[in-house]
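Please go over the structures that come below.
Consider the two complexes below, in which chain A is the common component and chain B and chain C are the respective partners.
The block that comes next holds the complex of A and B.
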């Protein structure tokens, strides 16, 4: 049994900053859990606390049934893959892989057998005598994985292991990781800021923001039923569009925008100040959409052509929804006073910057969040979309 | 334009040749003097020996206690450099990777110790060694030398260790490696050039140190080589060819060590100046 439990973990650094605030998380035995969030959200700190490289200010970390909070990293039986791989530069690939077994004084035969096995599994058999500097980025990454795998630990901890690779290699290594997972179903905690990695690899994904756990759920659940505006805007690419809105008389109004809601939805948000959210894929090219869907007409600012589809960026005379993940664009959004939105349309739409574009709104896929708490407004008995 | 560049190059080479000649002249002077008799040296101190002789070198090696002094010097050098290097390695590791509070203060104290002139410690150390019954023994000098070497050595290692990515130490820790194993198997092999450089610098200092050796060691049989060389000087005369023959013997070990590890020495001196 190697489930990992994080109970009430807080971490305050000596400069007074709070890195983690009362984080509670449970990772089942054999699960692949991803910690995701923007820079500085505390995900790496949490991983380091699980590894024992940082001590929590308060709270408990358990691996299996054992409270490991006060144990040193070497006594926790976890293996870690670091962001920059942390390969020992003076050792060969084989020496790097077998180091963890040697310091644990395993029999020599066993060390050799496991080293060769791990090397074979990772396609490193031909590179065992090379030094790390003689390897490519992908090969180094695999050595780092090999060093962890060979230990057969209770849990793997991975700190953005793919972030130093170029885009193409990252995709292939992601697939490699997924393949390894099926071969070694060991409990894994994986840190990344890349939500695509989080969604494709994780059995469960924990979204962190400013040291606070926002939601811990399966990728589907996060996407379909985000707990709040932040999760809704952080998960999904492009981000969910969010605007401040008011619901009156069954109509949701956001600045110049006005959409008639189906009665069942309107009933739950009637008379409230809300943040309305809609994913770019649910703003459809009106020319190809169901004629029954409500229409809005916008002026296209920018078209991002992606090959199979295109992102149409436009702005509305409405206030951007607060509490969302805004990346590095936060200042500009607020300075313009207009909400920026994105619609994802087919590549054949032929839309150009400056065009007036009719868009259909899939009202069944609208999200509503409380304007003050930023939490999702859920309907009783209907856990899916509101 | 091309002509200007050419003249510039020639001038630069000429300047380097002059600097080279100035640097090498003392060695040449020592060699040619060691090959002269005392009389030949008096008649022509700087000229090439008309009748080269190995008499001075034979005297130094077989008729004077120079080999004994060289052995003393070697023991003092090995002892002090060994002790100070081990101490500084452990201290540097603890300061950089120990993660213990107060290490920054310890480092500042250490830097303060680097600027204490050794001569001010001479009398208190002498009294201490007398009280410990160590005066006129090699350990007295070894202890003093080690103490003087440690502050700079710690400073040197701290600066070098700071360039080693902390993740390597953390990776070893997670792998179950203890502190001493991490130092021995991860940090030390990566610090070979720096350690070698420090050993050479400290060894040269210990091998050539005179003042402390003269004060602390008084029996002829316990002198170090440098202190021993002063024995050749009479009140009114000095046998220059003999002294320089001994000097040549004294510099041979240092030159050999340097030549053997020149590659590491240069790398150690330039460690950390680029990515």
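The block that comes next holds the complex of A and C.
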């Protein structure tokens, strides 16, 4: 049993800043849980608290049935893969891998057997006598993984293990991680700021923002039923478009934009100030879309050609929805006074910057969030999309 | 025309380096050559007689030289002691215990004091009725009181203790700086692996600063071989009966007090040889570390 429970964990640093605020999280035995969020959201702090490298200001960490909050890192039986790998530079690959077993005083032949086994599993057999600086980034990453798996711990803790790799290697290592998972179904907590990693690897994904857990759910649930504007805009690439809107007489209005809603949806948000969200993939090239869908006409600012499809960036005379994730671009989005939106269209659309583009809105896939609380507005008894 | 310009361009950098080369030549190479030359002569400047290797034969047969050399070798024993102590203190301060910066400053303080002032202070503390013996008597350990500087057996170890006291701070600062530069993650990884504090220091931390430790050991070995004159001069003046003399003091006695420039130069050349051997050993170790 190696279920991990985080109960009411708070972390306040000596400078008074709150890194984590009442985080409650449960990771079932054998689950691959991803902690995701923008820089400074507290995800690494939470991982370090689970590892025992940081003590929480209050709250409890349990691994299995044992309260490990006050235990030292070495007594928790967890293994950690660090962002910069943290390999021992003066030791060979074999020495790096076997160190944790030597410390735990396992029999010598058992140590050798496990070391060779891990090296074989990770394709490191030919590099056992090399020092870390003689290895490529990907090989170092594998050594770090080897050091963790050789221990056969109760849980793996991984702190952005792929972030130092180049884009191509990151993709292949991601696949390798997924393969390793099937071979070793050990409870894993994985920290990343990359939502693609989070969605592809995680059984469950916990989204953090400013030390507060926003939502903990399966990747599909996060994408389809985000709890609030932040999760909605953080998960999914490109981000969900969000604009401030008002619903009156079955019509949602956002600046120059006006869309007639189906009665069942309109009934739920009628008369409210809302933040309306729509994913770029649900803004369709009107020339190829169902003619029954409501249309808007926009002027294309930028086209990002992606090969199989293209992102069409445009702006609307409407207010950008508040409370969303806006990355590094926080100020500029609001300074223009116009909401910036993205539509994802097929590569054959032939749209060029400056073109007037008719877009169809898939109204069934509109999201509505409360303008004040930024929480998703759901129908009673309707847990589906909206 | 073009070829001339090219040649001028090739020579141009030497024009910048030239003054520095000349300055180094005059301040380092010229005295070095002169010392080596003097070691084959006897008599004072202007009235020198070539004696071949007679000065070297003389010093090797001189019991005071042998005592001085042996005392320098004895003082070399201070190097592992001060290295181990400095390393231990630096490792403990590296755990960032409350007030570690202040502790480090306190430990470093003796190093910035002039050796002469340190020597005079300790000559008062270590004399027969000095502070240390008084303190030992006051705490009921009077039987441990010794004539620290007056006993032929204790004079050199006492000088060694003063050298350790003064040089320790330098070691602590050098090692602390090296430790601060280490990534915290390797220690954290070892903690998660379940290693004890001591095992982390021994297997993870110390090997990572091995190059700095070797550098410190070489530097201090050269220091106790060739830069301890002040301590000896102020604390014991080489006594009693030359028992605490060191090579530098031997050079000073022969070269300045007795005017035997040739003998002093021969010993200086021998010291330079010993220091060079240490430097070569260090360079070999350093090259090996870089290759590893």
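FYI, the second predicted complex is superposed on the first by the 386 of 386 C-alpha atoms of A that agree within 3 Å, B and C clash if a C-alpha of one lies under 4 Å from a C-alpha of the other, contacts with A are read in each partner's own complex, and residues count from 1 in each chain.
One rule holds for everything that comes next: a residue touches a chain if its C-beta (ideal position, glycine included) is under 8 Å from a C-beta of that chain, and two chains touch if they have at least 3 such contacts.
Keep in mind the model is a prediction, meaning the values are calculated, not measured.
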Subject >> chain C versus chain B on the shared chain A, clash or fit after superposition >> reply: clash
Original post:
Does the superposition put A:151 against chain B (first), chain C (second), both, or neither?
Top reply: both
Original post:
Thinking of the overlay built on chain A, is A:51 touched by chain B (first), by chain C (second), by both, or by neither?
Top reply: both
Original post:
Does chain B (first) or chain C (second) touch A:131, or do both, or does neither?
Top reply: second
**OP:** Using the touch definition from the top, say if A:292 reaches chain B (first), chain C (second), both or neither.
**Re:** neither
**OP:** Figure out whether A:74 sits in contact with chain B (first) or chain C (second), or with both, or with neither.
**Re:** both
Subject >> Which superposed partner A:104 touches (first chain B, second chain C, both, neither) >> reply: both
Original post:
Once the shared chain is lined up, is A:86 touching chain B (first), chain C (second), both, or neither of them?
Top reply: both
Original post:
Following superposition on chain A, which residues of chain A contact chain B and also contact chain C?
Top reply: 51-53, 72-75, 78-80, 82, 84, 86, 88-90, 99-100, 103-104, 147, 151
**OP:** Show which residues of chain C lie in contact with chain A when the two form their complex.
**Re:** 183, 185-186, 188-195, 199, 203-204, 207-208, 210, 292
Subject >> Touching residues on chain A, where the partner in the complex is chain C >> reply: 51-53, 72-76, 78-80, 82, 84, 86-90, 99-100, 103-104, 131, 147, 151
Original post:
Within the complex, which stretch of chain B touches chain A?
Top reply: 165, 167-168, 170-178, 181, 185-186, 189-190
Subject >> Partner chain B, residues of chain A touching it in the complex >> reply: 51-53, 72-75, 78-80, 82-84, 86, 88-90, 99-100, 103-104, 147, 151, 157
